[in-house]
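Below, chain A partners chain B and then partners chain C, in two separate complexes.
For the complex of A and B:
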């Protein structure tokens, strides 16, 4: 546990060295938040004032919360592991007395912890000023929300881990990584809430871990799901996390057995 | 302890190389990077593992540390099966891959040490002392707080070595640690490594292209060529077998066409009508100082240089000697 904490802190520190990148990212998230909130509100207006339980205010809130979570959940890119497999630095990770997946998860959470406020606060602040935010007034949704966000980040890690492992078998990974970004972008609720999906698409989304990354934490934080419903969401997230992490361990073990570390 | 710290039996590792053959088909070639290695390493030994590029040195090291799975044969390192018990083994060994970094690139060196202490679960009561010792002996103090990406190569390698030794491993494996370092940095590193061995009895396995490393740091050498062990013994034994000599090149102020016999040396060439002489010698028979003194008595020395035999040359000669000994049948080697 102490080791895990140290590695989380290390991940946090690594990212804290890139202040300008963080500021630029926060600016981008906020600008896109404004666009997304406007489109969401527009869509809800066109649908007659409510759409799948979202009114103008909660729809805008959803858009802003998702924008605030983009960076911590790491929707768009994580290829650290793939690069290390490709250039052979994975040998260093394997020469350490710890489980690589455990270590990288800690680093990923540390990165997320660093991004949480500097990348999350600006979109939420802009949202509060521009459209207003519909947030619960009791502490419980926030507490459960924090758990749900941590689970969402971890599910994102587990998925990225699995996708990165393709580097054991493929040299050029851009296609696989892009596929994951596209799937995550659509199925996680990044663009529009999963609740707006037509049935067939909602069914597909439900068969993937993606809704556990953004839709689930947003539902819990906004208290769209409360009490046992919220706990149910956490349980689904935990189940996906366990499953995808385990699959990742299996694939990693297979990959490591056929590992070729070139060039010294 | 009498059990060898490393035990290798008939070790073999193949790689499959696929190359395009025709439009769709790809030819599949199996190449053995390591081909039937057998050796033991005693606890506390200092061994140089040498060979040309692609001889199989790094592949062997990766199998010793459990990173690569052998195709055939067995390895035991510190009494453990490296692949099965890789993490357990990692606590007992320190590895430096000269080409790769185990430090956190964007953080200060001090943070890397803290992380490694946590990774190796070193007690808070003891590891700072060990760190301070390494910082002091490797002279890391001035750049301990700089991000690793800003360090010079020499600084980074010292940091790498400290990182590999922080948990006081029984076995230190260095894969070309002095590559790219200047003479002074190499020298400081050698002094440090000798000192650590004397102090802690660490077993050392070193791959290198540098004959000086071998001479200064090791008491036994293993030469590998095309994945096979072609020599196992001492450096004097190797030089005796293949005549790996150092060559002293002396430039004189006034030409001396014939220096006469200089004890323990062999005249390789006289150039520029006696202005430059090349004298070959082996460190076992005489020293550079003695040769210089002898030459100085016969003419005024303007400049001198010492050419080291390179590993490739030694290996090539070893191979030729082997072929000659086998009566011209070089069939044990992959062609």
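For the complex of A and C:
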């Protein structure tokens, strides 16, 4: 556990070096938040004031919260592992006296911890000023929300880990990574809340871990789901996390067996 | 003229050969690009599975709007989208190699990495456009036909100009390259939706500062004979070429200033 904490802190410090990049990212997240909130509010207005339980204020809040979570959850890119598999550096990871998946998860969480405030606060602040935010006034949703966000980040890691492992068998991964971004983009609730999906798409989303990454934390933080319903969401997230992590271990073991390192 | 273009033909030809050399990788890249196009469209589809009209546009009109904006953006992305790799060249110092060659740096950069995989998204948007056109009840006149033909071209020019503007800013920002994404990709995102759902300041921003509405929304207003919201009347739809011209003026001036600002690392 101490080791895990150290790795998380190292991940945090690694990312804290890129200050300008963080500011730039936060700015872009905020501008996109503005566009998304407008689309969401516009659609809710067109639907007559409420849409799947969202009114104008909660709809806008959803858009801003998702924008705040994009960076910690790491929606758009994670190919660190794939690059190390491709150039053979993965051999060094295998030689270390700690589990690679465990170590990378720690680094991923450290990165997320760093991005949480500087990338999350600006969109939320802009949201509070421009559209207003509908946030719960009791502490419980925030506490559960923190757990849910951590689970969401971990599910994102587990999925990226699995996708990156394709590098053991394929040389060029860009297409595969893009497919993951696309699936995440549609099914996680990134562009549109999952609750708005037509039935067939909602069914597909429910069969994937993606809604656990953004929709679930947003539901818990906004207290759309409270009490046992919130605990139910956490349980679903934990189940996906366990499942995808285990699958990742299995595939990694198979890949490592196939691994041939040049000049080793 | 032919002699002068010859180096570019060679450059682009070599890029195309290299990208299609690995068939399976190319196909998977192409599919990735198609799926990005579909992902963007999924948002419109989901919104309209809940509502009938958004910002005075029905589903058919919204698809037309989305398709026009995306044809423009995806063509620009295909032709010049890679100029946002400039920070990589700046950091690695490889830009110096471009400076040594007797060709304009911007032209070299644009021809250096045309990404054929982005054709996937172009195809998705063209298909959507072809499907959307007959679904809309358009009162065709010669002028409207001309506008329809011109719109994707001017849209591509506007987005390409925005890419070059964004790239010029990198000479100063380097590490903060994502700032510019707010205007290039943000502009592209905003252009696919009826601007009438935006607040007035935002609509003015995406019309007169980042001319995103000129790429599709304003021309669609003309095509469908809609009056247009406050601040962006319908007749502006005819002014898209002027917007493209303005963006490119800023882009080229900015690029010049940026290149002059650049100093190599002295390797």
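What we mean here is this: the second predicted complex is superposed on the first by the 262 of 264 C-alpha atoms of A that agree within 3 Å, B and C clash if a C-alpha of one lies under 4 Å from a C-alpha of the other, contacts with A are read in each partner's own complex, and residues count from 1 in each chain.
Note that a residue touches a chain if its C-beta (ideal position, glycine included) is under 8 Å from a C-beta of that chain, and two chains touch if they have at least 3 such contacts.
Keep in mind that what you see is a predicted model, and the values were worked out from it rather than measured.
J.: Mind checking the superposed model to see whether chain B and chain C fit together on chain A or clash?
T.: fit
J.: On the A-aligned overlay, A:196 touches which partner chain: chain B = first, chain C = second, or both, or neither?
T.: second
J.: Compare chain B and chain C by how many residues of chain A each one touches, and report the one with more.
T.: C
J.: Taking the superposition as given, does A:52 touch the first partner, chain B, the second, chain C, both, or neither?
T.: second
J.: Between chain B (first) and chain C (second), which, if any, makes contact with A:182: first, second, both or neither?
T.: Only chain C is touched by A:182; chain B is not.
J.: Once the shared chain is lined up, is A:259 touching chain B (first), chain C (second), both, or neither of them?
T.: After superposing on A, A:259 lies in contact with chain B but is clear of chain C.
J.: So, does A:28 touch the first partner chain B, the second partner chain C, both, or neither?
T.: Once the two structures are laid over each other on A, A:28 reaches chain C alone.
J.: Thinking of the overlay built on chain A, is A:6 touched by chain B (first), by chain C (second), by both, or by neither?
T.: A:6: touches chain B, not chain C.
J.: I want to verify one number: the closest Cα approach of chain B to chain C after the superposition, in Å.
T.: Superposed on chain A, the two chains' closest C-alpha atoms are separated by 11 Å.
J.: Name the residues of chain A shared by its contacts with chain B and its contacts with chain C.
T.: 18
J.: Show which residues of chain B lie in contact with chain A when the two form their complex.
T.: Per the stated touch rule, the residues are 15, 58, 62, 65-69, 86-88, 90-91, 95, 97-102, 104, 106-107, 111, 114-115, 118-121, 147, 175-176.
J.: Mind listing the chain A positions that touch chain B in their complex?
T.: Against chain B, the touching part of chain A is residues 2-3, 6-7, 10, 13-14, 17-18, 88-89, 91-92, 94-99, 103, 257, 259-261, 263-264.
J.: Which positions of chain C touch chain A when the two form their complex?
T.: 22, 24-25, 27-33, 35-36, 38-39, 42-43, 46-47, 49-55, 117, 173, 175-179, 181-183, 185-186, 189-190, 193-194, 197-199, 202
J.: Quick one: which bits of chain A touch chain C in the complex? Just the residue numbers, please.
T.: 18, 20-21, 23-25, 27-28, 30-32, 34-35, 38-39, 41-43, 45-47, 51-52, 171-172, 174-179, 181-182, 185-186, 191-192, 196-198, 201
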